[in-house]
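Submitted below is the structure of interest, expressed as structure tokens.
Chain naming follows the written order as A, B, C and D, and within any one chain the residues start at number 1.
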Amino acid sequence: MSILIDSETRLMIQGITGNEGNFHAGQMLSYGTNIVAGVTPGKGGDWVLGGKVPVFDSVKTAVEMTGANATVIFVPSRFAADAVLEAADAGIPLIVCITEGIPVKEMLRVKAVIDRQNVMLIGPNSPGIIAPPYAKVGIIPSTITQKGSVGIVSRSGTLTYEVMYALKQAGIGTSTCVGIGGDPIIGNNFRNILSHFEGDPQTDKVILIGEIGGQDEERAAAFISEHMTKPVIGFIAGQAAPPNKRMGHAGAIIEGGVGTAESKIKALKNAGVQVANYPEEIPDLLPKI
Amino acid sequence: MRLHEYQSKDIFSNYQIPIPRGRLASTPEEAKLITEEINGPVVLKAQVLVGGRGKAGGIRLVKSPDEAEDVASKILGERIKDIPVRRLLIEEAVSIQQEIYFGMTVDREKGETLLIASAEGGVDIEEIARLSPEKIFRVNINPLLGLRDFQARNLATDIEIPRELWRSFIALSRSLYNVYTDLDATLAEINPLVITTGKRLVALDGKIIIDDNALFRHPELLDRRDITIESPQESEARKFCLSYIKLDGNIGCLVNGAGLAMATMDIIQHKGGQPANFLDIGGGASSEKVAAALRIMLTDKQVKTILINIFGGITRCDEVALGIQQTLADFDTNIPFVIRLVGTNEAEGKQILADSNLITADSLEEAAEKAVSLSQELSA
Amino acid sequence: MRLHEYQSKDIFSNYQIPIPRGRLASTPEEAKLITEEINGPVVLKAQVLVGGRGKAGGIRLVKSPDEAEDVASKILGERIKDIPVRRLLIEEAVSIQQEIYFGMTVDREKGETLLIASAEGGVDIEEIARLSPEKIFRVNINPLLGLRDFQARNLATDIEIPRELWRSFIALSRSLYNVYTDLDATLAEINPLVITTGKRLVALDGKIIIDDNALFRHPELLDRRDITIESPQESEARKFCLSYIKLDGNIGCLVNGAGLAMATMDIIQHKGGQPANFLDIGGGASSEKVAAALRIMLTDKQVKTILINIFGGITRCDEVALGIQQTLADFDTNIPFVIRLVGTNEAEGKQILADSNLITADSLEEAAEKAVSLSQELSA
Amino acid sequence: MSILIDSETRLMIQGITGNEGNFHAGQMLSYGTNIVAGVTPGKGGDWVLGGKVPVFDSVKTAVEMTGANATVIFVPSRFAADAVLEAADAGIPLIVCITEGIPVKEMLRVKAVIDRQNVMLIGPNSPGIIAPPYAKVGIIPSTITQKGSVGIVSRSGTLTYEVMYALKQAGIGTSTCVGIGGDPIIGNNFRNILSHFEGDPQTDKVILIGEIGGQDEERAAAFISEHMTKPVIGFIAGQAAPPNKRMGHAGAIIEGGVGTAESKIKALKNAGVQVANYPEEIPDLLPKI
């Protein structure tokens, strides 16, 4: 089976009556995702998507009435932190936040709260999750995916699409693709998702798509060498990028030389990970590992 | 958004963090006047947002108002690392006994704020951190609880601040933390924080970076944005909310998504070319935004070829195509465009561009190879 | 410390919580003038810190300035539950469509702040809570995170506030929570919070209680303390930081520690007597404090006997004895003192009082029995 | 053995150079308590109590240098919340806070933090703990105690002394006496301490001393009837007290009729607890249960 989502997922969409939320809700529904509810405060009682999905005023009511067990958030950045907390407070175990532009200070507070609850947050600034052909939660274009046994975890959006497209061209399918989000503070890191893939019978191999900045790829490399039995292919974007505009001396001291493309690639290679030079090289490398 | 030293110090001062007496000068005459007011040796500090300003001659100690005028007239209008110096901060010279490093920023891994301090501050702090990591002390702050006095006191003990200054150091820590949180900063740094020979703590330099995503909460800071030093390309990019960084190569890149933009630059380099810029048009860009992005690249004289790599998701290929069509109509340019469009409304986009004189590619690799070989031909 | 309605509303107003137009009057003339200003029906509300003020005639609706003057002249100077009315709040009469209850206080069990709301507010709210608990809605607030908008919105849904008022209700909730935390309140309550016929939310009454332990952070509130209504005994107790509550019995009790003071009152009652007060001298009381406590009891005409029960820990028995000795020297009183001293410096204390004319007891039970029988003899 | 503290306890005293801290440190030392360190910021390097106890600037250093595993706090109320957090941050598993007058708002924040750490906080506004003859942590006068098998848990100070004194007069000794503190927000409630007594081989019977206000005695009664096999005697102060100055309607709604002496006594009796009418009745009742 896929990880995190499947055909049993009862999905709620926060911000379903907004432009983006509504458009992508339609896409998810066409894909076959089991959308049970939408939430927009003040629009409770409406029905959307051709009368197929009821809208509620609050997550609490939506959960009570529909048994939603996952949510995807499309609300504007000023309200998104509150939306995450509302979902966590209502006991939803999987929260996927697509919204980008949430202030770091807000996310620090949100994370401090939800890390103590039994909640899995993906994102923010994530393209979401797709588990072909069972369910799609987020904005990953469904046309570039097909069912298979390769797990993908990524910090990027379109770069991930590029990789999936290249895989599909080569006839390779995906078990689940998880976009963990491109923001500095995110709910779940590479390691958590890798460990899900490690335990997923459908997944044979894993692709990790990282980029410069932070230390998450380095820590993922340590995790892979200690805990992963399944082969992993890596790709790190940003080798040609100018040195990061560092966060003063403090940023430099925290990173301590870590965070560059070189450092990440080296760490992954040391962990026995094959690292591709560009996205379209991945389908060529995959059969060899 | 990074604040200037003088802006950071203004804020420090509002939060009772001691700074040297001083004011901003835009002319040599003002520099002289301020030095007269201070009535003693002063330091002239060029207000440019680049590192290594001191080593580049942007910080000068002078002894008299006349000397201040003279030195100011030399520095003002010069360029430091290509940035023109338009303003000088004139401050009383402080007699220094010890230079401390003190800063705070986001600890991405722990999801907390991290305070960092060292008894040996100053310009070489990164070198110290690398060679003698035991001299660097760190305290993690629970974002829900905030900085507690005992944490600041522990840090004071760690970096061996004299006891008689503990109270001042704790108050200053609290203030800097308040600056950091009140302003939605991702960095607040005092380097050096000096102990004067008169046993006072004084912030000799200050650096604050504001979280761009939180700027909407701080309109007063937006008003202070320093746009005088931007290039026309940067200013255009900011106007259209394009993420743009100029580089030294000759292949202009227009891509949707930061990760894909970097990967596109990487493959150009991998194939032997040099990207002229990083440019991310973001998600769901309009044709106007695409046209603006192309304008920026076409006005960069180093650009010999343009590579457009679009993977449509939220972004629609037909909208991008319209932006390209418009640009081609507006500009009479010889610069070749290599285009690769995939994803949402790909067919419609290709249709729009069917009659244009463009080089198309099906894969990113093919696009990169074509762009690189064109750029090499044109530079030859 | 409990604030008056007018003080609470001043604070509400500073926090953008809507209140009726109005002002405070100390004389009938002022009441008339304010009513003229308001230019319509007004409500006169006696500013006394007791419950059930309305039912006791302390709230009156009047239609004209002359009527306001007339009614004010009757209420001012009267007593409501023994408290003299010195000030009236004169407010425009609001046309009410619905009365809501909305309050927040400390949830001791969970260690959080609890918001409580009900669609049926007003004076009978406690009755509603008892008879129809399903009409009361609660939200717990994480003290580190504070009130979040979704929580206020959930509450608005629960008590079925019309959608067009959600935004106002959320803003008002945020404001009341800010009042609560900024002022170190242990209670902030709006009852009733009304929806007017014009579809506005208005706080018709307000109650704020400040944590006495946090008053040092709010000197501005201390200045506002209403001391005009205190009895001489209460005022004396406050001056010496004694915890004193007057009761209806005739046995004065002086004890160290609140729990022991209550247990002492309990045993008096258990043995058939009636305590005249609760009085806790706290820990480590000085002889001056003890003397002040005795003065308070000796000036209460209902007191026929005084029971002193001291279990010395931080409190020293000799210091207590000195206070008693001083009091006996200052006052020529016939009231018998029953004394029981145990603990720190017990021997020294007993030595000091050896020559005084006092009734001593070894146990609390014995002390209580003696005090009760004396009080019965003296009242007979 | 006793609960919470014993002769192995390595005690630290925060605020040891203040008047109260210093006096009571001397008392604890005379009692035989193993005091290993004192903390007063700015006085690090001094030695107090006749040169027997070293003073440190911070709890962190004190723990590192002496292995202190319990602390008792005497610092003034404005600094006491910080002192608790400092101790918890340094990993001290038992924190006893004697200080009274800490604002409720501060304690709410402190409690929210330490409840997530592996820390036991007793107090604030507690007389402390005494485990005769092994150790005394706090201000309970040692003269009124003797070793025995009765556990005492109480919200009060001097009232507890009164009970212990009456027990001693009757020749009855104490295993451990724990003052949980008289403030609205305290680290540990009756239930936690009762459960420790239930598991303590030295303790045969337990005395619970409560007072009006709050609901902790009612919840303790429920705990006793569900989980306690050892007999419990109760005493509730405040039967003759005037009705509590309630916290507005909100306070009344929260308490919902609970919190009075009647309610607490009834709850305890329903749980099979003998309830004394006054402190000196307890030694008479004790042999009968």
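We take it that a residue touches a chain if its C-beta (ideal position, glycine included) is under 8 Å from a C-beta of that chain, and two chains touch if they have at least 3 such contacts.
Nothing here was measured: the structure is a model prediction, and the numbers come from that model.
Chain pairs B-D and C-D differ in how many C-beta pairs are in contact, and the one with more is C-D.
Rounded to a whole number, the gap between the C-alpha centres of chain B and chain D is 55 angstrom. Rounded to whole angstrom, the centroid-to-centroid distance between chain A and chain B, based on C-alpha atoms, equals 28 Å. Between the Cα centres of chain A and chain D there is a gap of 49 Å.
Residue positions 142, 144-145 of chain B are each in touch with at least two other chains.
Contacts with at least two other chains are made by residues 109, 112-113 of chain D. If touching chains are joined by edges, the resulting network of the protein chains shown has some other shape, matching none of path, cycle, star or complete graph. On chain A, the positions that touch chain C within their shared complex are 41-42, 44, 57-61, 79, 82-83, 85-86, 89, 109, 112-113.
Those residues of chain D that touch chain C in the shared complex are 20, 77-78, 101-109, 111-113, 115, 127, 139-141, 143-144, 154-162, 165-166, 182, 184-185, 209, 211-212, 214-216, 219, 235, 237-242, 247-254, 256-257, 277-280. Looking at the complex, you find that chain B touches chain C at residues 144-145. Listing the residues of chain B that touch chain A in their complex gives 101, 103-109, 111-114, 116, 125-126, 129-130, 133, 136, 142-144, 181, 184, 186-187, 189, 191, 207, 209, 211, 213-214, 216-217, 245, 247, 255-260, 262-263, 265-270, 275, 278, 283, 311-315, 342-344, 363-365, 368. Within the complex formed with chain D, the chain B residues making contact are 142, 144-145, 148-151, 153-154, 157, 163, 166.
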